[in-house]
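Got some structures for you, see below.
One chain, subunit A, appears in both complexes that follow, with subunit B as partner in the first and subunit C in the second.
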Partner chain A sequence: MVYKDRTSEFSSLAETIKRKQQQNGVTLGKNKIIPRSQISTFAYAAAKISQGVHETSEKLLQLTNMAKNTDLFMDSSTQMEELTYVIKQDIQSLNREIRALESISKSSSKANKQTEDHSDTIVGFLNLKLVNATKDFKDILEVRTESIKQQQEKLDSFTGQSNSFAYQDNTGSVTSPKEMLRHRSNTNTRDDPYRFDDYNNGNSNNYSDEHSILMPQEMIATNHTAERLRAAEGIASTIHQLEGIFSQLANLVASQNDTIERIDTNIDNSLVNISRGHDSLVKTLANISSNRGLIIKTFLVLIVFLVIFIVFMA
Partner chain B sequence: MNTSSTSFGFDFSFSIRDKQIESINRMLKLKQNENDTSTNWQEVWKILVFDSYCSSIIAPILTKGALRNQGVTLHLQLHSDRQPIQDVPAIYFVLPTLDNIKRIAEDCKNKLYDNIYLNFASRLSNELMEELVTLTIQSDTVNMITKLYDQFINFISLEKDLFVFNQPKNSYHAFNDPTIKDTVAQEHINTVVDSLFSVLVTMGVIPIIRCPKNSTAEMISLALEKKIAQHVQQTGSGGANLFSSNNEMGSQLSSFYRPVLVILDRNIDLSVMLHHPWTYQALAHDILSMNMNKVKVDVNSSGQTTRQTYDLDSSLDTFWQQNSGVAFPSVAGDIKTHINEYTEQTNQLSQMTSYNIDEIDDLKPPKEIQTKGLGELLTQIRAKKRSIDLHTNLATALMNQIKDRQIDYFFAMEEAIITRSLVDKKELASLITSPIQGESGGRGTLEDKIRLLLIYFLSSKSIPTSEMEQYEDSLKKMGADLSSLDYFKKTKAFNDSLAIVNSGPSSGAGGSTSKTTGFIQMITAYQPVESFTNMFSQGVRSLLPKSKDLFVTRIVESIMDLKNSPLESDFHYLDPKITNKSNIPKRATPFKEAIVFVVGGGNYVEYQNLQDFSKKHNKKIIYGSTELLTSNEFLQQVKSLKEHLN
Partner chain C sequence: MDVIASIREYINKMLEGIKGMKVLVLDKETAGIVSMVYTQSEILQKEVFLFEKIDTENREKMHHMKGVYFARPTQDNINYITDELKEPKYNGYHLFFTNILSGIHLDEIAKADEQDVVVEVQEFFGDYFAVNTELFTLNIPGLLSKRSTAWTHNQNRVVDGILAAVLSLKQKPIIRYSFNSETTKYLAEKLADRFNREKTLFDFRKKNESLLLILDRKDDPVTPLLHQWTYQAMVHELCGGIHNNRVTLPSKAKNPDADIILSPEHDSFYKDNLRQNFGELGVKIKELVDQYQDRYNTTSGKIKTIDDMKKFIENYPNFQKSSSTASKHVSLMDEMSNIITRDSLMPVSEVQQELACNDNHNAVLQTMSHLFKDEDSNGGHLNVTTRDKLVMAIIYCLRYEAKSWDMKQTLSSIGFSSTDISMIDQILMYAGSTQREGQLFGSSNFYQAAIQVVERGLKGVENIFCQHKPLLHGILESFAVNKLSDKSYPYLTNSRDRPTDIIIFICGGATYEEAVTINNFNNKYNGQFRAVLGGTTILNTKQFLQDIENLKK
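What follows is the complex of A and B.
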């Protein structure tokens, strides 16, 4: 307990003083309760998005737990697919909402600069949250592909060599989305939107190539592997869609890079400016005072001459 | 023991910085009751408004990013032009002063924010609260103030075991000026007592107080004891006072593990304020005037000199954390190993990338693992690069100054004088009487010479008048202002009495300061550390300071280990918990923890000396002072004192 709440002390003091003043005949305007100003659409939307991001991250947690479960006989793939789908939808809609929020903050006539800063920071912060959530999502998908692979291996060891051919291709197809994931995680940490885009283009080409190869495989494979393949495919396409969101967000996150700055940096700068202003003021003062000296001297000389004139000429 | 289970109660981390961060974070959460986690995520955005003192409290411990994570979107100065912002609560974090109160009332009147949470850095007096109430009633805006808290955090913690108050300004002057008005002096004392009280509240401990008799420290200690005792009495022993922690276990333990608070006066040891430092952090402070963990360095890159500001935060910068207390030459060595590591990593990186290009078509598993590591490696390398840049620039700047001013020679000479080992009179004379830096054969700046002379004067029992005059004359010829020397001459009588005590234990310590070997040892301790960009081959000796305890450290040791040595014979023993002053039971077991506070300015040399001691003896010591002074700032204050005397 290292603080002391003195709110009650404050309000009771306020009551006593008010009463005293009323007794003394000072009539105060009726103590109107300040009407709670209507919460602006912006604040409301921001709170809603923040809530949404929170809910999504909870769902993500659920998904992580599922994905880690590699038990062959406790397969929850349909649940996971559903959840993945829901989260994907969530992230997309949240992304849309943030864009909307941004346009609200930009379009609404700004009262002043500080309000603008305030809403900018909120938008930036929400963006950052969403990026992190998206990154988590992507990591989970990665874990998921891993577990699919492991399950496949287990299955193979049970069923013998029957699927060996399909398995080989399967691993190939599984690695390809993972490759893309890795690239993305690298580029993401670099916060470099441009390079990021390059990677994306390259990768999506790769992806479509692989995709076309995949199609015939599906027909050869047994029922189960086909299912697996579809799962992997689904994940790949989800990842692909996430890319779009990423590239949109990457730009905004870059602007949030000042997190390690200290709060007194601006103060320092203003101090320098103040001292500079002071210096020039001093200089001006010196200028003026030297002028004043000159004027006084001139007048003195004039007066002396005047006196001489009056005394000797008159 | 139960460090992890008690997040807000008493725990065993004896770190003032962590505790302060905890307090501030709680303040920013708006919900002071940590049990209330109902609408946890429904984050409320908020605005932080602070005055300049409170911004200096936050600046060294929380960055903008940390504030943002707490939901703070904007941070604004109280006394600046602020514009109304809708739909957002504002947290005010200010000192309780009349100026601030008036400004807050004005904000209410202008209805800048929806609701206001007031946090005062120390106790808001009843008069000021009344003033605030009256002003807000006039504008009919009492309702805008949602909450009002007294926080007890009006001190600045720079390290986990270092704090300063930075008020009153020019503290050595403030506490030693004989012409000062009584009311002003009392005000200064109150400020310090207030802040010390906050430190103790934040740490959650009621210590035993030790202080020397007949000094400013004594007045502060007595006032502090009274304040704590009053507080404990008012709230009653059973009630929740500020010191009691939230869980039973903690409060029992905290009454068992009581630290000692040693309050000392600067005059007890002045020479340490003038000593040239030789450790990394202390050099950065003394030479580059590091302030509030920030240092400005002139960086010379491709012919252009730019001024860079670096933030040195020991909780983020591991290199700084490891090396701040290390002698400068070995720091240079460490930087070199860091650079080696860095080049190794970059090589590794280039290998990896080349590998990637060669085998990009083969989708083999090993390649994946390497690409995965790439991202992490890159961030690592980037962080390392930033750290290396910072420390290389900082070390180079220090290096240049050391070379130009021959600080290594000054350091060695002063060390020899203070430890009373052999003093090479010829060298001393040369250092003092040679021309100043920049001229041919110049050694050191004028300040360096004055500092050396003062240390010589303060540490020696008797100096032949002719010798003294010779030095004074030559310094005066160079245009030195020796008013500080005059001041010390006047207070010398006081210091003499100390010097006798001072010499006792140090000669008793025996081997470490054996007379003839001391200086020679230091010269032969010259170890050409594998030089970092050949710095040390260019004539700066790599001296290693001998392990020696400063006067303050010896006092603290004696108090903590209950040695009852003559050093602390005339010290008060105050226990705020005990009301019966006639019979105070003395503690029988040695103290494990101590808070050392020096009234009238301290410096990093003393801080590091105490830390070295505490590490060696497995104790915990927090060092604090009214302000951290460089030697030049200290001399300035002494000079202005002299002017006041005349």
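What follows is the complex of A and C.
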């Protein structure tokens, strides 16, 4: 009886069709709702993290688009910085969640080895995804730094002035980069009036009365420069933090690598065992066949003697 | 190599794999396929509580039941399924197709399955009607030649059917066909192409190759024309034909409930005797009736104690069953013997056998002319039907093709219409000696003919009504001694070893006489060779003449 099961083919087909439909914006009549009870807390958390990573990478995409925009006058640095902050937060929280997930999978050791392996793999996978996202983030920030530098140069060549103001400002600011980032997002709790204005209005007419009276045009440019610098610093600090996350993740990846290597050696071992088994089977076969010949010969001799005995003696 | 068992295995696997209450949805053909091997009560035991036809509209919604679909992968069936998937009626759809489902159809179903109700999609190759353990059919009449209109409509169905049969028997065949027949060559090539395309399906562990021999009806036009004397063949010939194991007696045609069901799987008497000839059958039926009478006497009459009552109740279903079996076979026997005496089939059959087997021209012509005048050789009165007369003339013309002109003259002199007489030309055109492959009427070789005569003289003829052996017999025997000519039955693909399993497929239809031949062959070479016979349909004289007539159009 021959039959062919095409269920798997069918389900994969159904899946691709569904995906296509979703891409085309066709909403399906009923989304499949999996009962909550069927999913373990682990799977639920994993799904949530994966979704978080996905959202973060979407934000990253947005950020990339903005960073690529090097137009001098279409400045979106405020938005960008906010976005940067949000993404940073996201990544941190995701990282935390992955830790938590790991602990969950370790604590529920009552399950068998397979589920354990499975959860390990999932944690590893999520880590990998997060690493990728973080790497993207870092790249974007680098791009951004680059573009800011370029703008700065442009600005310098236009204004023909050294950015002494920026340096001034720089010396004045005592806030650590981290704090700076925080300030930028929640504008209410800032103590620096300059920066406050800076962010509230974008243009800085009341930055300083003196300056605005004396050289209004130059003023704008200087403000701009200062802003740029701050942004660059912010980015630098973020990169630093990311480095920390990276090293953590690198550790994880290394541990995974260990597991994979172990699997590799196991497979090699089994291969060796199988070939050894085969060899011994062949040997046994040879043994048996040689024995068979011997037995036949012995019996032949016996029978011949028997015949002789019966015919001549009896 | 048991076609009934393979179809049953498929149905078992299908129904036992799904737990819980089920609805079995069948299409027109699969309903026949299933009903030929399974009774309703047997299926009920597998928790199938409802049978539905796939084309029934407005079926009731039953979300507590699982829908098991067993259907051919035709466009119509796919449409029915996709329509229903948009508004599911059952809890879960298990789709079983009897053949290879094309990618387009699978795609259509996947598209329609918006609510994820399809649980599985399987291909179970039960795509043919299993009649006896060694006989299957596709139930498509009129496929005598590649040029017929029915052929163009049904050629894919035939290829599907053979593919399914080969797969369900788990064979990996090499193909041979009949050299002189375009039809078999075409079919063989199509099949080889198909086998090649579905290579993965043939990927099972089997060392021996088997043989798929595709024959053409025109190589042996005589077998379906002769009167048969074995039980199954007689019923098919005389009682209006067996259709999916159902027989409608001509005398009771008005009452649709009076259909008789003859299934070798469920009627042991029928299974034991379907190859018995008429005389032996009479004895067997008498035994059956005696047995029944014994039982009747023991069960009825003396119920005095509670114990007797208990015994009676326990035996009653059995008793009832044997009573229905007995009455069924007795009424069939009655019907057949009535027809035989009414139409004087004994002398007619004698002449037919004489014509088919012995080269005795003048004597046969003498008897025939008597029969044409409705009298036997001693001058007694007979009642020969016009169809029998025509069939005799046709066999005569097939044997003595050169004298067919004289025979046509004779026929017109006794009042046959020109359309009837043109049947002779028709059949000579279809299956004249130039069209045929192999030696239908004995051997042309003098040496072999002499051996035949000597053999007959030594052994004698056992039964003059059953002396004819179909061409298939010769083919099988020469195959068994490895002397089947490569020229007459060429290989499509080269092969190295000699297969032991043989699947024979006859384009244009098989006959029950050939099924008996196959059975005898299997018994003779028990264990050494196994053969299965298939046909596009199962022919009787009426069907064969009708198909020949349709060929003209």
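Everything below uses one rule, namely that the second predicted complex is superposed on the first by the 157 of 314 C-alpha atoms of A that agree within 3 Å, B and C clash if a C-alpha of one lies under 4 Å from a C-alpha of the other, contacts with A are read in each partner's own complex, and residues count from 1 in each chain.
By definition in this document, a residue touches a chain if its C-beta (ideal position, glycine included) is under 8 Å from a C-beta of that chain, and two chains touch if they have at least 3 such contacts.
Given the structure is predicted, the values throughout are model-derived calculations rather than measurements.
J.: Touch check for A:Thr7: first (subunit B), second (subunit C), both, or neither?
T.: In the superposition, A:Thr7 contacts both subunit B and subunit C.
J.: If we overlay the two complexes on their shared chain A, which of subunit B and subunit C does A:Ile17 touch? Say first, second, both or neither.
T.: A:Ile17 sits against subunit B and subunit C alike.
J.: Tell me the contact category for A:Gln51 with respect to subunit B and subunit C: first, second, both or neither.
T.: In the superposition, A:Gln51 touches subunit B alone.
J.: Using the touch definition from the top, say if A:Arg262 reaches subunit B (first), subunit C (second), both or neither.
T.: first
J.: Mind telling me which of the two, subunit B or subunit C, contacts the most residues of subunit A?
T.: B
J.: Which residues of subunit A are in contact with subunit B in one complex and with subunit C in the other?
T.: Shared contact residues on subunit A (touching subunit B in one complex, subunit C in the other): 1-7, 9-10, 13-14, 17, 28-29, 32.
J.: What part of subunit A is in contact with subunit B in the complex they form?
T.: 1-7, 9-11, 13-14, 17-18, 21, 28-29, 31-34, 36-37, 39-40, 42-43, 46-47, 50-51, 54, 111-115, 117-118, 121-122, 125, 172, 175-176, 178-179, 182-183, 185-186, 188-190, 258-265, 267-268
J.: Could you pull out which subunit B residues touch subunit A in their complex?
T.: 19, 23, 26-27, 32, 41-43, 45, 47, 52, 55-56, 58-60, 62-68, 73-77, 82-88, 111, 114, 119, 123-124, 129-130, 132-134, 136-137, 140-153, 201-202, 204, 240-242, 244-246, 292, 294, 309, 311, 363, 365, 368, 371-372, 374-376, 378-379
J.: In their shared complex, at which residues does subunit A touch subunit C?
T.: Listed in rising order, the residues are 1-7, 9-10, 13-14, 17, 28-30, 32.
J.: In their shared complex, at which residues does subunit C touch subunit A?
T.: It is residues 6, 9-10, 13, 100-101, 106-107, 109-111, 113-116, 118-125, 167-168, 170, 201, 204 of subunit C that touch subunit A.
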